[in-house]
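Below, each structure is written out as structure tokens.
Both complexes shown next keep chain A, but they swap its partner, so chain B is in the first and chain C is in the second.
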Partner chain A sequence: MEQLAQHFVNALILGGTYALLGIGLTMIFGIMGVVNFTHGELYTFGAYMMFAFVMLLGLNFFASIAVAILLGVALGALIDFTLLRPLRGADIDTTMLVMIGAWIALQNAEQFVWSGIAKSVDTPFPSEPLVIGSVSVAWIRVFVFVAAIALIAATYLLINRTKLGKAMRATFQDPETAALMGIRVQRIYTTTFALGSGLAAAAGALLGPIFVVTPTMGDLAALKAFAIVILGGLGNIVGATIGGFVLAFIEELGAGYISSGYRDAMGFLVIIVILLLRPQGLFAQKERVG
Partner chain B sequence: MIKQTFRISGVLAALTLSFGAASAQDTIKIGVTEPLTGAVAASGNYVTQGAKIAADELNAGKGVLGKKVELIIEDNKSNPKEAVATAEKLIISDKVPVLMGAWSSTYTLAVMPKLMEYGVPMVVETSSSGKITTSGNPWIFRISPTSEMEAKAFGDKVAPFGIKKADFLAVNNDWGLGAAQEFSKMLKSKGIEVGVIETMDAKATDMSAQLAKIKASGGDTLFLTTGVEQITLVLKQAKEQQLPQKIITTGGSSSPDQLIKQAGDAANGSYHLLFFAPWFPETAPNPDIATKFVEEWKKRDYNFAGLTEGFRGYDGIMTIAAGIEGAGKADPKAIQQALWNVKVHGVNGDISFIKQGPKGKESGQNIPNVFVVTIKDGKVSKF
Partner chain C sequence: MKYAPAALVVLFLASVPLWLGNLYYLHILITTGIFIIAAMSLNLLLGYTGQLSLGHVAFFGIGAYASALVSIGFDLHITDNYTYVLEPKPIWFAALCGIVAAGICGWLIGKIAFKVRGAYFVITTISFAEVVRLLSLNWLDLTEGPMALNNIPPLSITIPGVIDFTFWSKESNYYVVLIVAVICFILIRRIVHSRAGRAMIALRENEPLAMSVGIDVTRYLVLAAVISAAMAGAAGVLYTHYVRIVDPDIFLFIYTVTMVIMVVTGGKGTLAGPVVGGLIFGILPEVLREYAEPEIQWMIYGALMILVVFWLPQGIVPAVSELWQRVTTRGSPAVETGAAQTGQGSRA
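Take a look at the complex of A and B:
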């Protein structure tokens, strides 16, 4: 029972970060129809920015997170401007290949700049954990969970309650009609990609200090993000949020009670089963062919 | 057009061949395949730095067979597939007569069939899976201890730990699983109870699920086998979850100074099995060699934390150099024969090979020294 409570808390916190990783990716896919292979690299970028600002420049931890997110947004906008804008209307395969190329180039650039050796980022939180009964959790993880939920809520509000969000949703439904209604679709695309990238960078900036920062850290994160997006239904933000928590609970409980060696396999096994039963994902209303 | 391309490529091929032949005469090449990037990059880089010190030391002296040693270093990207590709590239394209590598047991095991195929010997500097020297590959010469040797050596020092029940957390590959098996066998033979044996993927970063299970097992000691990156994460997460167990790492890849730097407080109270203790080189079996190596490492401004791995590269290259010297020529078969007779004074201790594995196709295995250190108040001290 004590073990179960600990697993439950672990999964909840892990789920928050998984959800954060998932929504950025699903947003870009849903609105732009772009399979964003650079998502994991934006995650890595966010983590390295934390290392640069906190450890090399000695900036405030929280300010660094904000700057890392903003730089992630800027890098996302740059990628859209240089790589995706010329390819609008191009075949999805063409875009995918370009994005795979960008992924490899970014990862190698990170390797070149930071070397392959892992870096760690200090946090201002006490190293003694928060203990409630038999459950114990690090303060930094509590902070990351709260921050992740806040970012997810902000994204949700942005899309559902603002004019920009309305324009994004309109573009999602039908880009041509949206353009006829006076929505600057190009600008919406760039904004979407920049925001999605910013969310990935945010996840990296938040998780980098918990784990260690390496050039290849994005691969596993991207893999999980894709799994979450597929689980939640492509393009569905609420679905991705729930998908993130579902994956975290499957992994945590599977590792705790079945086999830790198959921790990652278990998540994917469940995804295969769900796709067999519900090919559109858990929460998608209609199938969307990318 | 096609004809012309052929002609040009023919000329190019001839040029490449003649260059290859020319440089082969000027230097003696040694191929090195190590993980310079990816999940266990830190260790691979340290081993490579140690190898460079050895090569420079040889070249500053008489060289090998009167020629300069040239290390050709390839990055196996912490990936067994890449390890095979790098070994093949080194053998076929660089024509190295001998290799050193490939750090992880999994990468080494992946490379081994290629050694048989091309008939090239490899000195294994880090890998500890028993399978490497018992599977009947006569091209393997291992200077690092097997998990069994390590467990046995630790068995002689286990009493003061007062262990009643031990749990295991090991990386899910040949190294981790082998170590968990050998150490639990040794502990059981001493009447110590073995609790849970948990594993983690080599790339995993969140081990909270495994740790929650280990916490509930009621053991007093956790044996941890993985690279320094994951050890850092496990120590931090164990502290987060207030794991009651005392942590002992095995495999010699814990780089304690890196742990102190990256895991902070969480590293205090942990114990580490190592094959070189650079904090007290004067107590090494060959104090002169160990001290000289540590001084050279510091002079080059390499990371001090890397010394516990770096010495492997140094000892590996020195062993290879002795093999080539003994062979009298840079020929794979002759080096293989000569390695059986080498006696090298290394940083770990004296290196020579005994036979292991099925008769007629034995692999060479060295019997290295094992040391235990502990981290107290952010400092390493001898146990």
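Take a look at the complex of A and C:
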């Protein structure tokens, strides 16, 4: 029972960052129809920016997070501008191949610049954990959870309460009609990709200091993000948020009670089972996938 | 006469070990050949049925692991007091097991994954490959995990009283790979030009239309998946008995990407495409090795892949054959006047 409470708290904290990753990916798919294979690299990029600013330049920890997110947004905008803009309207396989190429190039650029040695990032938080009853949590994890929830909430507000968000939703529903109404669809696409990329970089910047930073850390993150997005239904932001927490719980309980070696396999089994039984995702109302 | 150019190419390839004289180069050609077989098998799915399968390395690895395990034997603890022991089996049987195991997995995944299309299909295939990789990493009883399976015997042919030959040398392995590659090439050619192949191409071009004329889409997709998987398994078998060690890294996603790059660069949906793409991306790393670190090489690959999709979306083989056609038609006067007339017609 004590163990269960601990697993519960761990899963909740992990779920926050998973949800961040999933929302970014699902937004890009929903609005642009792009399967973004560079998502994991943006995550890695965010983590390395934390390392660069905190450890190499000695910038304040919290300021570094903000800078890492902004740089992630900028890199996302650059990718969209150079690679995706010329391919608007191309079929999904073509963009997928280009994104795979970009992923390989980015990952190896990161490996080249930072070398394969794992890097760690110092945090300003006390090393003794927060203990509540039988459950103990490191302060950095508490901070990461709060920050992730804040970012998720900010994304929701942006999409549901601002003019930009309204334009994004309109483009999601019908790009042509949105364009007729005077929405600059090209700009919405770039904004969406940059924003999704920024969320991935944020997840990397938050998780980098908890784990270590390696050039290939993005691979598993990207595959998990795909699992989360499938769980929630492609393009479904609420679904991705819930999916992030669901995957975290499945992983944490699976690792705790079944086998820790297969922790990372849980997500993929979830994908296969979901696609077999309910391919439109757990929360989608209707969508043709076949 | 129709097959003369193809026969010449095969003869040329068969003569390579006689004059190459460098074992290291021969080794590169062998691994390139193995990857070409895998790329050809991927082309059947990606090029002819139009399904982007990104889990293809799983079949390659399953073939490699199955053949290695059957040839060196294993014991599997099923319950505390029952252990299944498999004695080492002859290589030909092990190889067959590898191919069949990969084919069965292809059937299973085909049944599951072809319920969905597009992005969903891609993600399902990636997930499958990743599950298999984690399985090979964690099922220590069977696969030894990261410690790898060692001392895998090389290929051999034994018919008592007739022949007893073990493929120790690089030359003999080269010829095995060449023969298997030629068989796979002919097999794919026959399939593509058969009724089944036409059905596959039809459903690539327009699935609802193909369905409406009575093509059983799922059946042909699964058929393509099984053949493709078995062929990739055969490539894995060749690999495992040539390198003679196999570890979970064989399932890395980067190998799938390598196959995809080979097919897309060479020209998906063409018979020669994977061969041309495979030769380029099999030999290019060795050329680049002298000048660039592996990271730079991979960056170049990624960039090349983007450039190919942008500038040569059909791949090298269709582009070259189109160019060839333009050159040859210019040489023939009858067609030239025809072209001139159309030119006038469009101007008028």
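Of note:
Criterion: the second predicted complex is superposed on the first by the 287 of 290 C-alpha atoms of A that agree within 3 Å, B and C clash if a C-alpha of one lies under 4 Å from a C-alpha of the other, contacts with A are read in each partner's own complex, and residues count from 1 in each chain.
In the analysis below, a contact is a pair of C-beta atoms (placed from the backbone, for glycine too) under 8 Å apart; a residue touches a chain by one contact, two chains touch by 3 or more.
Owing to the predicted nature of the structure, the values given are computational and were not obtained by experimental measurement.
In this superposed model built on chain A, chain B and chain C take up the same space, so to speak, and clash. When both complexes are overlaid on chain A, the residue A:111 reaches chain B and chain C alike. Looking at the shared chain after the overlay, A:86 reaches chain C, while chain B stays out of its contact range.
By the touch criterion defined above, A:166 reaches neither chain B nor chain C. When the two complexes are overlaid on their common chain A, residue A:264 makes contact with chain B and with chain C alike.
Of the two partner chains placed around the shared chain by superposition, chain C is the only one that A:100 touches, whereas chain B remains out of contact.
Across the options 92-100, 146-154, 200-208 or 290-298, chain C meets chain B in a clash only at 146-154, per the superposition defined above.
Judged by the document's definition of touching, chain A residues 111, 219, 261, 264 lie at the interface with chain B and also at the interface with chain C. Taken together, the chain B residues at the contact with chain A in this complex read 36-39, 41-42, 44-45, 172, 198-201, 203-206, 208-210, 212-213, 215-216, 229, 232-233, 236, 239-242, 261-266.
Chain C meets chain A in the complex at residues 50, 52, 112-113, 115-120, 122-124, 126-128, 130-131, 134-135, 137-138, 253-254, 257, 260, 264, 293-296, 298-299, 301-306, 309-310, 313.
Contact residues on chain A toward chain C in their complex (touch as defined above): 29, 35, 83, 86, 92-94, 96-98, 100-109, 111-112, 219, 223, 226-227, 230, 234, 259, 261-262, 264-265, 267-269, 271-272, 275-276, 279, 289-290. Residues 2-3, 6-7, 10, 14, 111, 115-118, 120, 122, 127, 129, 131, 136-138, 141, 210-212, 214-217, 219-220, 251-256, 260-261, 263-264 of chain A are the ones that touch chain B when the two sit in their complex.
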